[in-house]
Amino acid sequence: MSATARRSARKYPASAPYLFIAPFFVLFVPFGAGSVLLALGISFLDWPLGQPPEFAGFDKFATVLDDPLFGKAMGNTLYMLVGFLLALLPLCLFVAVLLKQLRRRTANLVQVVIFAPITMSLIAVALVFDLLYNERVGFVNNVLDLVGVGPVPFLTDADLAPWSIIALRIWRVLGYYAVILYAGLQSIPDEYYEAAQLDGAGAWQRFRHVTFPLLKPVTLFVLVASSIAAWELFAEVQVLTDGGPARSTLTAVMYIFGASFEQFDLGKGAAASVLLAAAIIVSTAVASRLLRSDDRA
Amino acid sequence: MNRAWKRKAVVCGVTAVAVVLTACGSDDAGSTGDEESADELEIWVFSSSAPPVIEDGFTAAFPQYDVEIVEVPIADVTQRLVVALQGGDDLPDVVQVPLRESGGLFATGQFLDLSEELGPMEDDFADGILVGGNGEINSFTMGPGNMGLWVNQEALAEHGLAIPDNPTWDDVVAVARELQTASGGKQYLFVQPPGTNGANMFNAFFNSRGGTWWDEDGELAVDEDLATQTLEFMVGLDQEGLVYHGVWTDATYWDAIRNQEIVGWTMNFGVGSTSLQENVPEQSGQWQLVTWPTWAESDEQRTGVFGGSLYAGLDGADNPQGARDFIMWWLTPEGLQAQADTLGLVSYRRAAEEIDLDIEDPYFGGQNVRHDLASVPYPAFHFFHWPETEAAITAAVDQAYAGDLTPAEAVEQIVAELSAL
Amino acid sequence: MRKRVAGREVTRSGRKHKPIAQRLGRGAVVGLIVVVAAFPLYWLLISSLKPSTRLGEVALIPSSVTFENYIAAFDTQIPRWLLNTFGIALLTTLLGVSVAALAGFGFARYRFRGRSVLFGMVLASLAIPEYALVLPQFTIMRQFGLLNTWAAVILPLAANALVLFLLRQYFSQLPEELFDAARLDGSGEFRLFWTVAVPLVRPGLGAAGLLLFLNAWNAYLLPLVMLTNSDQFTMPIGLAFLHSQLNFGIVETSPWGAITAGTVISIVPLILCLLVMQRQFIGSLTAGAVKA
């Protein structure tokens, strides 16, 4: 074969990509996609506990959209999501860049420490934060008391509780996302920085023109992963505040959980899930669009 | 990008329709579960104290059953049950259910009707003890949540205070005020937990005055004035600074009891006696049970319900006879003894004829707290639509305590939410 | 090796020129981050060492130390649960990284019919909260007869769309010329993947492994529904089980001691693993690897 012929032909066997993706899909089709489609199907059903399901069209969607609690739950979730992301993203970028500047040995140690919180079981997290947040014997309130502030009702005040949850979540995942970003930073060749330094670029300029653009794929991943996690906030809230006080921390997934497993209305729960999924898809699309359009600028 | 998303949307839409069709189609075929041998009996329990007594007592009495006990966290029982019921098979034969969640579950009609067994025994149980849905009797409440006022009388005596005999709530509040003055606001006779526990605390006070949210047919039946007055009473206590805010699940709650910050609280038997004795053994002899105070001197003494649990059989499971045998076993002398040993309170009125319930408790200075607590029944109460009802009460009570709503507005908000169900 | 030392010297000499105030400032910031991150962990540790009657003690150093909680923890099924959790998490990680790396490579390096639809489907599946998926997953597992087996937890967790997304991002960063060169040398496609691409995305594989491991480690709902016997429980379910006894007010002794001690016991080996994994994935990476 001549060189030109080889170039015009495909460089690899046509089956290659399918062979690569096949093992993943062997798992994904039944356990991932299959469940998603079933869930989607359930949202169109009226399926009382233990009885055969009946087709209900969009009835369940109407029920959910009519329910003021669903609006409240979505609103709370969005509110906490925005607060969470606005604090998390700059913080974990900052920590990742900082890690990169440390000696590798120090960086490794710091990484393990900041990463440790996510390995802690949620029940234990709840206990520790309960001990820290407690109005009487909480460490934080006792420190605040020394400077004459408080006691601050971290979890029992409707305005403060969402922020106390956000703080806990940031503590829990900051190191995790920072380490993922840091791993991404490791793939950026040092030469780029050396070149930028030779050009006289300052720390911010190096971040702006070298780190950020080259880190974009990983940043996008962190943004998508953390925002999906924020949309699906559930366990922390359930353990610490149970959605209260006065429903100030009632989240969308709590609503879904309640509909499915407390009111036994699986159709309603699935319909709410589909609506939440739509919100997640839209916001993820917007987020990736934002990061991409930035690329062109 | 745009086109890609559009294409995805179309794909999703088409597959959704396909799935609805298959989901509907497959259900008729899928409901024939694999046959389990009739001798197997699967029981889901959440009480950690239950498995040993079931293994020793029930299996000895009914050796023909091959009993399998599955422990499920209490918070997840219903969820696991919903998944199993909706899945169609792999159902347990018997499940232990929290009383509060029984209303919604029994309303689904998926549970064994024990009217034949329990119906003739109706007089042997107090008002609210037999429970069921759709006109059936599905079970009886075990370890009923009769509420009492638990008092550290020795701590009170240090200030020269005591709760008078047969007190009204006014009497108790008067003591609480004196305690507040004497201790400089550091000791409390009332506890209000946050969240759903707080809602259930309010609910117990409300129920003790005859209040209920739903009647036995699942119709809304709220005496709004009564609910408002009750909430006013409780919020009033809080505004006076007479209430400790905390809950017994807090790791620090028992410290507050140990330090004699909490010297009195309204609670059921499980937490009020068992947990108290286990967590604060050093205060043995200091505590006393005051049965639920009345709202006015001439009132008949009645308490409120806080919870309880029950065992129910499932219609769709493989061994209904085993389930019946198991549930009724709890009313045999061995079963009653097992109830008394693990749950303290026995709801079956004739239990005293079968087993020795004359138990003086040294922790309470020789008082027979089980008997005293059980001797004051609670008015009928229907845990219907409970998750939604509890959520509505919790939100409104939170707001009332925070001062964002007056008690009257809070009750109005609850009723508005419940009417929308 | 030599190159790495040289590279380090470049940065270190760069550092030398920085004013000491800046270095101190950075040290202080790092110190603050470490303290904030570690403080609740420290609180967990000292809580696990306090007698159960002193859990509410505010002092930074506990006034008395006991190992009774650790003894209590070993009296429960915690050791067994820990073993289950490790087993499930490790197998999930191995399987999950393997399939996602292959698929990530496939999606990143090839253009093929159905690529964007398939990938879009995978991404879209992320948007459905797991609470909506339990029931379908339970039904599917029953069909496969996998209920009450580790597989019922591992298989759904290993098919992780997020991990696939992450690895695709890593593989797509690699320059095409690398592969062209290897193809000219006559390498097959799997060889390209294994000898050219995989070594270059090791930090990504590490991150993916961590993600999968932690996801399985912290998984709650799936094992809860799929595993029904208490000797099959994973740590999160086991601890929730201990905790739930408390909520019902039927518990004889406070489970907090066993919960705190159990959590410490479970974290320590994990942190050791992290240190090892770090050397494996992140630490060994030479900075200039991607420049070729």
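For the reader, a short list of remarks on this structure follows.
For clarity, chains are labelled A, B and C in written order, and residue numbers in each chain start from 1.
Convention: a contact is a pair of C-beta atoms (placed from the backbone, for glycine too) under 8 Å apart; a residue touches a chain by one contact, two chains touch by 3 or more.
These numbers come from a predicted model, not from an experiment.
Viewed as a contact network, the protein chains are fully connected, with every chain touching every other. Set side by side, A-C and B-C show the greater C-beta contact count at A-C. Taking each chain's centre as the mean of its C-alpha atoms, chain A lies 36 Å from chain B. Remark: chain A and chain C have CA centroids separated by 15 Å (rounded to whole angstrom).
Between chain B and chain C, the centres computed from C-alpha atoms are 38 Å apart. Multi-chain contact residues, meaning those touching two or more other chains, occur in chain B at positions 5, 12, 79, 82, 86, 251-252, 255-256. Looking at chain C, one finds that residues 47, 55-56, 121, 124, 135, 139, 240, 243, 256 touch two or more other chains. In chain A, the residues touching two or more other chains are 38, 42, 127, 131, 134, 136-137, 260, 266. Those residues of chain A that touch chain C in the shared complex are 11-14, 16-21, 23-28, 30-36, 38-39, 42, 95, 98, 101-104, 106, 108, 110-125, 127-129, 131-132, 134, 136-139, 142, 171, 174-176, 179-180, 182-184, 186-191, 194, 197, 217-218, 220-221, 224-225, 228, 231-232, 234-235, 252-253, 256-257, 260, 266, 269-270, 273-274, 276-278, 280-281, 284.
For chain B in complex with chain C, the residues that touch the partner chain are 4-5, 7-8, 11-12, 46-49, 70-76, 79-80, 82-83, 86-87, 89-90, 98, 143, 248-249, 251-252, 254-256, 258, 267-268, 270-271, 274-275, 278-279, 307, 309, 343.
Those residues of chain C that touch chain B in the shared complex are 47, 53-56, 116-117, 120-121, 124, 134-135, 138-139, 142, 147, 224-225, 228-230, 237, 240-241, 243-254, 256.
Residues 37-38, 40-42, 44-45, 47-50, 52-53, 55, 127, 130-131, 134-137, 155-158, 241-247, 258, 260-264, 266, 285, 289 of chain A are the ones that touch chain B when the two sit in their complex.
Against chain A, the residues of chain C that register as touching in their complex are 7-8, 10-12, 14, 26, 29-30, 33-34, 36-38, 40-41, 43-44, 47, 55-58, 95, 98-100, 102-103, 105-107, 109-110, 112, 115, 118, 121-133, 135-137, 139-140, 144, 155-156, 158-159, 161-162, 164-166, 169-170, 172-173, 180, 183, 189, 193, 201, 203-204, 206-207, 210-211, 214, 217-218, 220, 235-236, 239-240, 243, 256, 259-260, 262-263, 266-267, 270-271, 274-275, 278, 281-283, 285, 287-291.
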